[in-house]
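We call the chains A, B, C and D, going by the order they appear; numbering starts again at 1 in every chain.
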Amino acid sequence: MARIAFIGLGNMGLPMARNLLKAGYTVSGFDLVQAVVTQLASEGARAATSARDAAQDADAVISMLPAGRQVEDLYLGEDGLLAALPAGRLVLDCSTIAPATARRVHRAAAAHGVAMLDAPVSGGTAGAASGSLTFMVGGATVTLEKARPILAAMGRNIFHAGFESAGQLAKLCNNLLLAVQMIGTAEAMALGTRCGLDADVLAEIMRQSSGGNWVLERYNPWPGVQANSPASHGYQPGFMAGLMAKDLGLVQETALQAGAATPMGSLALNLYRLLLQQGLGGQDFSAVQKLFIDQQ
Amino acid sequence: MARIAFIGLGNMGLPMARNLLKAGYTVSGFDLVQAVVTQLASEGARAATSARDAAQDADAVISMLPAGRQVEDLYLGEDGLLAALPAGRLVLDCSTIAPATARRVHRAAAAHGVAMLDAPVSGGTAGAASGSLTFMVGGATVTLEKARPILAAMGRNIFHAGFESAGQLAKLCNNLLLAVQMIGTAEAMALGTRCGLDADVLAEIMRQSSGGNWVLERYNPWPGVQANSPASHGYQPGFMAGLMAKDLGLVQETALQAGAATPMGSLALNLYRLLLQQGLGGQDFSAVQKLFIDQQ
Amino acid sequence: MARIAFIGLGNMGLPMARNLLKAGYTVSGFDLVQAVVTQLASEGARAATSARDAAQDADAVISMLPAGRQVEDLYLGEDGLLAALPAGRLVLDCSTIAPATARRVHRAAAAHGVAMLDAPVSGGTAGAASGSLTFMVGGATVTLEKARPILAAMGRNIFHAGFESAGQLAKLCNNLLLAVQMIGTAEAMALGTRCGLDADVLAEIMRQSSGGNWVLERYNPWPGVQANSPASHGYQPGFMAGLMAKDLGLVQETALQAGAATPMGSLALNLYRLLLQQGLGGQDFSAVQKLFIDQQ
Amino acid sequence: MARIAFIGLGNMGLPMARNLLKAGYTVSGFDLVQAVVTQLASEGARAATSARDAAQDADAVISMLPAGRQVEDLYLGEDGLLAALPAGRLVLDCSTIAPATARRVHRAAAAHGVAMLDAPVSGGTAGAASGSLTFMVGGATVTLEKARPILAAMGRNIFHAGFESAGQLAKLCNNLLLAVQMIGTAEAMALGTRCGLDADVLAEIMRQSSGGNWVLERYNPWPGVQANSPASHGYQPGFMAGLMAKDLGLVQETALQAGAATPMGSLALNLYRLLLQQGLGGQDFSAVQKLFIDQQ
């Protein structure tokens, strides 16, 4: 069974690393926050003192970091991990970052003879804990097949999106659409209830009709419609509005470079920015519903 | 078995009336276009010479008309049908019209002792032909129970949205959301493919992820992704862009009266208007995809 | 000198009526609020007990009312003023209402042989007080020439926009553009200052460059840039955000009927609605700046 | 009189360099297109064979290049111009580029002891030809005072926007606002004329009212309203739609980095992208009017 270095043990990384331990992998973990390293060590991992320390002797490196800057810091440059890894090792970056950044890391990995995948996830902290994440993977098919058992220990669906950075692209397209239908759902719920419709009835009609979407199935933004939704628990995340704004920013970066028009996606980003400017970036991304409810 | 007057035998009304005939109802049909009246008569209906002629002796009147103006002309005023109907008759208006207009007709029906439902449909011409429409119904429960067998002959799902005009409200909320996620899907497909993703792969990833929606399930706007979609057949409708623009206009009318913010819905209407101004209002509403594809 | 009935003595109507008194006109005033009638009477007007009472013996009727509903109530119907006015009298409606409503009143006036103008104003309460309003006038040239001395007693610029209701149309087009450039200015000010530019310097550069507009000349939404702006006085109106939202709603009603695309105007309305839903509808319309400033 | 190296002799740079010659400066010019170098040489400049050749012995270097990439190529890196310039020389970059890029060049210039200004312009090719450009300048006051005579030979207004890159920021804020009010004006013109207003009358009313702006003063997008506007000459640029889209992209890059909400600016970019996707990027930016006119 392979030895895995896991870099980045935050809200997502820690439960993902746990699932690797449960599956029998040997894990050495590192994070800038000592407490989570200690925590993972108490569950059977080796506590590494640096990313390089974690990676020595590892067959595979997995990173789960907040943004592209941290990913570049980790892998590139003179002190970067890629320069230290023996050729043939496997690198899986599960962070959500700009496709252009992912391509830079891929190119450097190739130059060092390291097999790399970009493998961002969806499914949130709940999916990370239950091992039911979705992976959207960019990179060579042969590399994916090598990595598949490791990914399968952490997730349920593994999609091969295509070429290097294609995982990031697919993730961004998905989250663009997710944000648009979250806000569209919030508008429809607010309009209907403001006109007197019962929220439960409206939600159910749309769910079963041509307005049906994942938000209506799992994540209705109107408080009380679904017992388990963040909306029914004070919009505790779940997936933070601030992170959705970050992803929508990456969508816009990508659209700018591609010369693509995304009027709905741009509006979604701006509505999330208005939400953040009200100080609600730490709430669940379904809290965008609040923009459409009278606040008096 | 009840006798039914069917007013409005267009692309939707004609197949709906046929399904009533198949279910054994006695139908008298009327339309301003003589040819469709003759057609329905050749299939077993009585050809009426006017709406009043169709309605005499009918237990129930069903109307399926293009817009609120025609519905008001049919039912209200001195020559209107409501004045001519004996108390206790059933009126089902299946047209998609402004909730405010529906309320006016409901009030007049109540004043004449006529039991009325607003019962707009979704499912398009295909659903009308196959008898699998969805009805969103506003009005009294007791009236709905009386009407249920008739509706069941034409559709599969029958939702009781609530009070008088609630069917129209639910329909508009649904179509607001449908338009938003159609355009959101079109943006995501265009962005991803412009960046090199395979359209089929991207569509499948989003369909199974948090971006999943009815459009991705049944009605992908990218040509070739789904063999049966309008996009794969030159954007032949289906549900015309011009009709979606009409419904989104009703959404805005309703939002204006309610003081509701619908930034996504407003943008959707405006994007459909830009499409119409390119002369594409007669194509399927998924042709909004064309806005996001280089036209050179 | 003509005798004038003035109906509607609110924040705009009262100072307008005062300017007629100052110009030597005989004025009889009416409002549902008795206090303002008494106030105007104390300044030399006759206190009328009803609109009909005010209008009897008047050569001209001026109305300045909150919305189309009140204008229709005043003029149309069996008890309406038009039925009571002798042919040949002059009616000037200075309210801002939907062009479609204005056309209904014009038609009724013509049927009664009454000469009518729609003559909405811009310039706000300050312009009303100082007699420097701008009138945008719809109706016959000959009627405008008859009314010109009266309008000149209340305003400085008198534009003949064209046919019946053209004054309302021009007013709505102007306010659409005003709202768009108010928000555009607010975005530019927020973006520049957030990046470190000095607000005064940025405002001055744009004012003298191709970004120049009336908002930058007179009404900068950034606090402190202009000593006399509402922004520098806690966003006290001025022109209330709620009234701008009302006008933008009329723009959308008009655009819906005309099949016109107004993506910027629609977005402006929705941003004002978000502002209203934060309880800020009573502040000046430049308070839309607050949407773009961190609220923590 | 100072010797000036002018790098980038395109539609803007060539007439700017001419004005320096007219003012008595010694100019050596370089461009990748040989023809324009030859042209300028025939008017009295020295034809340089490279940027380095142009810059040798020059007291000041002026660059007017299409985008940040070319500016970085020119100044930075091992072969870059900054490494070749003696300390104390003056560099004026008049290109419109991202503020972040401008800051990188400023930092490198400072490291080499070169005095630099970012000095993007507005006024278009007409302003460049007539020497009436507006310069928005970022950098030290003492540097600006050294550069002022040179700038004054090419432009009329010289604004000191502030710190290094502040010129770019001010330019972007201005163009954000310009684009928003161009589209707002186009919407208002289309709505009013569609409802029957005379285009000239409407344009004049708004110009003199609170909707007044630079577009209405100088650059009305409706064909025929102003004899000299691009709209009245088949939308020949002027300022190309493709360049406005580029600037709006820089606005979005800047807003993304600053975490600023710019809903109007984002919508403007997307509407320009839709225009470009119709193949109209080479027309004047006022051709956005076409989006709002029926194309049948």
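Quick notes
The rule we apply is simple: a contact is a pair of C-beta atoms (placed from the backbone, for glycine too) under 8 Å apart; a residue touches a chain by one contact, two chains touch by 3 or more.
These figures come from a predicted structure and were not determined experimentally.
Under the touch definition stated at the top, subunit C and subunit D share these contacting partners: A, B. Across B-C and B-D, it is B-C that has more C-beta pairs touching.
Here the spacing of subunit B and subunit C, counted between their Cα centres, is 39 Å. With centres taken as mean Cα positions, subunit D sits 50 Å from subunit B.
Annotation for subunit C: residues 259-263, 267, 271, 274, 277, 291-292 touch two or more other chains. Interface of subunit C with subunit B (complex): residues 249, 252-253, 256, 259-263, 266-267, 269-271, 273-274, 276-277. Residue ranges on subunit A touching subunit C, taken from their complex, read 263, 267, 274, 277-279, 291-296. Residues 99, 122, 134, 136, 157, 159-163, 166, 169-170, 172-178, 180-181, 183-185, 187-192, 194-198, 201-202, 204-206, 208-215, 217, 219, 251, 254-255, 258-265, 267-268, 271, 291-292 of subunit C are the ones touching subunit D in the complex.
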